[in-house]
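What follows is a pair of complexes built around subunit A, which joins subunit B in one and subunit C in the other.
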Partner chain A sequence: MSHRFSSLMGILALAIAVVSLTAIAGQAPTTPAKKAPAVTKAPAPAKAPGAAKASARKWAAPKTPWGDPDLQGVWNDATSTPLQRPSELGGKDTLTDEEAAGFEEQLAFNLTRDRRDGGADADVNRAYNDHWMDARRLKITEDKRTSLIVDPADGRIPPQVPLSPERQKARAERAAANTRFNAGLPERVEDLSLPVRCIIRTDSPPYLPTIYNNDFHIFQSPGYVVIVPEMIHSARVIPLDGRPHLSKGLRQWLGDTRGHFEGNTLVIETTNFRGDDGVTFQGTNPSTFTITERFTRVDPGSINYEFTVADPTTWTKPWTAIVPWNKIDPDEQMYEYACHEDNYDLVHLMSGARTREKKGETK
Partner chain B sequence: MQNRLRTALIAVGLAVLPALGQQAPAPAPATGQFPAYRPTRMADGHPDLNGLWQAFVTANWDLQDHEAQPGPHPETMGAYGAGPAGQSIVEGGEIPYQAWALAKKKENFEKRMKVDVSNDKTWHDSGDPELKCYMPGVPRATYMPFPFRIVQGSSQYILMAYEFTSSTRIIRMNWKQESPIPAWMGWSRGRWEGDTLVVDVTGLRQENWLDRAGDFHSDAVHVVERYTPLSPYHLMYEATIEDPNVYTRPWKISFPLYRRMEKNVQLLEFKCVPFTEELLYAPFRKQPAK
Partner chain C sequence: MNPVQRKLSAVVAGVVLLLLAAVPVLAHHAFASEFDAKKPVKFKGTVTKMEWINPHAWIHVSVKKPDGTIEEWMVEAGTPNTLLRRGLTKDSLKAGTEIVVDGYQSKDGSLRANGRDLTLPNGQTLFLGGNSPGAPGEDKSKK
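For the complex of A and B:
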């Protein structure tokens, strides 16, 4: 397993997705491998987030034998819709069917291993992507949104408030570590990110899609909901009995979660995040960061996963995103994602850096 | 008058005594014996195994009889890190190793703290996986000194979530498909035999160890676990371990699991990767300029 490349490629793929979305919706599409199929269906404008699902409301959400809404099963949150709307799209919050089809086609073309332009490095990267990538992440959300963020209306993370000098310093140190990593010259393990160190990956909330392994297995028992993200095999045990949170002195990498049902919606709140550098979502301040997540089954095959995050010492206002979760084929299973046990890449990265230093390749 | 009163009081006392006698606690059962118990049930009629459970044996140090032992660095750690004495949980006391395998176990023990990850090919050759914070496998996960939660609902899966390195395994009920690929926590398929949850585990990684004493198996190992409710607060855990590459015959371990009863007790996080990074990766750190 090549964890470093997986992380890098995840970032690359996201960057490509953003560029492509702009290209498709903001101007004439560049030539994809094949012509986009003609779309005759009239575009259905989505007025509100998740509106595409509203017509399915007649469907009765299933209950567990003990009376809770039933969320059990294996779900997948892959999508090509970016978290933030590309600025160039301005107020355009959805694509037409035709634009969406063109976007998906171009994204597939950009990522395919069959391309040969761009040189050897790009070729290797594309082959890697094509091998590991979850094909589901080529699909834009069913309601054809241009961003996963639905509030604020511009689909963008709100502006930051001025950071304290301590946090500016911590961010600068993190950025310097990232620069060393990207130059192939990490000095110590702590220069690598938590996913590369196999400490946390997509299991830290909020859950956002990545290039691969986007599965979540939900278990329930009377009084509990338990979410097991594929990466990295941790169980998020959510008590529903109204018990208090852990005391403030007991913090965890994945926080401490409590939940309850509001109608058919599971509402969970998480606190007690560790404050270690780089751990918190988007570099927020764990003592002021709050996150609420909502899970609602909207039809037999999907859950609307909605999260709202706020941190008055980081952002000027809270923001909300909706990510569709789709039930995966029952024949497809979620398998063990071992990361640390065979993290050969971490050693390759570190020993490679030492070799470069010996050769004087430190620029 | 006085006699009559006394007689009346005695009569009352006699009347009360049998009632008190009925409320007196039953004598404690002999160790290892449990009265018949009918467990509470889920809607599907099977016993409800939900809860936070923990073993209180010292088998993670050694499955077999072992004396108390100092920690690896008593000169700096004193009694911290020392191991408790414990009695064997192996039926018959000894693991029936083939001769070569017994030698290998001893070698494992000698090299239990030797770590060398400088070569992909010999990465797993020495060192206890627990030392390196690897997922512990089955049955070791069950007797690690950490709790685990059983999550049993109304789906075809039961989850076992362990505190040690946040490892999990999914038990697929009445499942046909064989293990697709070796995994650290193996491939678990479950079924009910009466009130006992029987879990058939294959597909374990050959690098798994069974304890800190170097006990081990190969990737051909086949573990059959049995979880039987004994009371609202106890499960009996039994595991039969079969591996024709390593042992001369199948062998068995058993011990009770205890329900964690503290108010609001919950599974916490023991993400130990950061605790091992210095041990594993220090040789690759940038050295200060001379």
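For the complex of A and C:
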């Protein structure tokens, strides 16, 4: 018999980690960044990692038997290149070889279980987390960029526009729910975030690397492309026949996606996200948020994954990031993610909160 | 003293530190939420089965106590793909394999442990380092 032992507090800690990752990744400046160069166009294709080496090798992208560009396989997007470039780096968009080597070595040293300093607690925490680490997560992108964001040119999320009072209220309510949850006193099950409830995690587009489980399985049939992320359990079925989007009243956790090919690039556009739980990518407005993603095979072992997110009621302008996807080793395979198997933690979390209340614990 | 870090010029080190600060803190579960750092355990046992479950793989180990009784332990491991990247395959821990587990017991006192290190009879250590370029044991962990 199979058992899972994800403890109540373990799930709590995971949620905190996921929330903090999201929070860190999502910190957009509220005032215009200094010296941000004006960018009037999307990054040139030559900027894309792998583009140059692809042309140098004169490699021909494969086709499916029915003639579409063939993107099929299991790909991994792990990298330690941060989403945003540190402001202090200014216009430095790539590292030198020495800087890149130093960065990877220092990051590995900071995280390795072979470090023994910092006392017993730090030691066992490092060793424990090392179990989960995808070693590929320690690598910077091959082109040694200082940010995954390539547009704007400063590598940072553009300034936000002023939020409406309604959205400010919604954000405050979500923050209060997170505070209750983190204190171990959720009032209702919706106080638990979507990842904790095993509804969506890193399968929600756009795709960004995380600590582990960074695989994506793409398969195709005539008229469709399907993307199955390793975490957690969704299959994103993308029609290519030009059908219109769903009506605006039909909203989904992963949005509504339509695709087409431009040359060898799969271009997919997504809208119709749900926002009734207050959780959207980077706090965007689900009514106005759109994503355009581009998948291009640039050599036998990699896909160039580029996404542009736009929301005129959240950011002053759209922004674009490029994440390399690398084919997994032949001896690897993608495992189903057992998020809900024997998972009674929602019940435990709620009943634990009521028990604490009876004992007089407050927020 | 940092034994891994190479000597970097001040300029390079400055850039490296700035970029490191931008990398999100990497954490999975807090160890202390499930396991007890004050309950280190080390035992020899025989693998009865391994469950390749994503995200929590589990190694089941049968442990013979000095008084002849048997304890059935479960040892937590990382995700299947993390294990595969470290050279652990379905053939590495077949039923009947004798291993030494060095880890920490769960807080609730049940027979579950976080396996910091697993050692095979031939001395090979699994899960040892291997996640970082140049980390000790990187190659030894590969089968």
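Convention: the second predicted complex is superposed on the first by the 270 of 363 C-alpha atoms of A that agree within 3 Å, B and C clash if a C-alpha of one lies under 4 Å from a C-alpha of the other, contacts with A are read in each partner's own complex, and residues count from 1 in each chain.
The definition used in the following text is that a residue touches a chain if its C-beta (ideal position, glycine included) is under 8 Å from a C-beta of that chain, and two chains touch if they have at least 3 such contacts.
Keep in mind it's a predicted model, so treat the numbers as computed, not measured.
Within the superposed three-chain model, A:Y224 lies in touch with subunit B and out of touch with subunit C [touch as defined at top]. In the superposed model, A:R188 makes contact with subunit B only, not with subunit C. Judged by the touch definition given at the top, the superposed model places A:E336 against both subunit B and subunit C. In the superposition on chain A, A:P239 makes contact with subunit B only, not with subunit C. With both structures placed on the common chain, the touch criterion links A:E361 to neither subunit B nor subunit C. After overlaying the two complexes on the shared chain, residue contacts for A:D70 are found with subunit B alone; subunit C is out of touch. When the two structures are aligned on the shared chain, A:E173 is found in touch with neither subunit B nor subunit C.
Touch counts on subunit A: comparing subunit C and subunit B, the chain ahead is C.
Of the two partner chains placed by superposition, only subunit B is touched by A:M350; subunit C is not. Applying the stated contact rule after C-alpha superposition, one finds that A:Q84 touches subunit C and leaves subunit B untouched. Residues 334-336, 338, 341 of subunit A lie at the contact with subunit B in one complex and at the contact with subunit C in the other. The touching residues of subunit B, counted against subunit A in their complex, run 42-44, 50, 117-118, 120, 123, 129, 132-135, 149, 151-155, 157, 159, 161, 165-170, 172, 177, 180-181, 183-185, 207, 264, 266-269, 271, 273-274, 277, 281, 284-286.
Touching subunit C in their complex are the following residues of subunit A: 2-7, 9-10, 12-14, 17, 20-21, 24-25, 80, 82, 84-86, 88-89, 92, 95-96, 98-99, 101-114, 120-121, 124-125, 127-138, 146-147, 211-213, 215, 230-231, 328-329, 331-332, 334-338, 341.
Per the touch definition, subunit A reaches subunit B in the complex via residues 64-66, 70, 72-73, 187-189, 197-200, 217, 219-222, 224, 226, 228, 232-235, 237, 239, 243-244, 246, 250, 252-254, 333-336, 338, 340-342, 344, 346-347, 350-351, 353-354, 357. The touching residues of subunit C, when paired with subunit A in their complex, are 2, 4-6, 8-9, 12-13, 15-35, 37, 51-56, 58, 74, 76-82, 84-86, 89, 104, 106, 112, 114, 116, 127-137.
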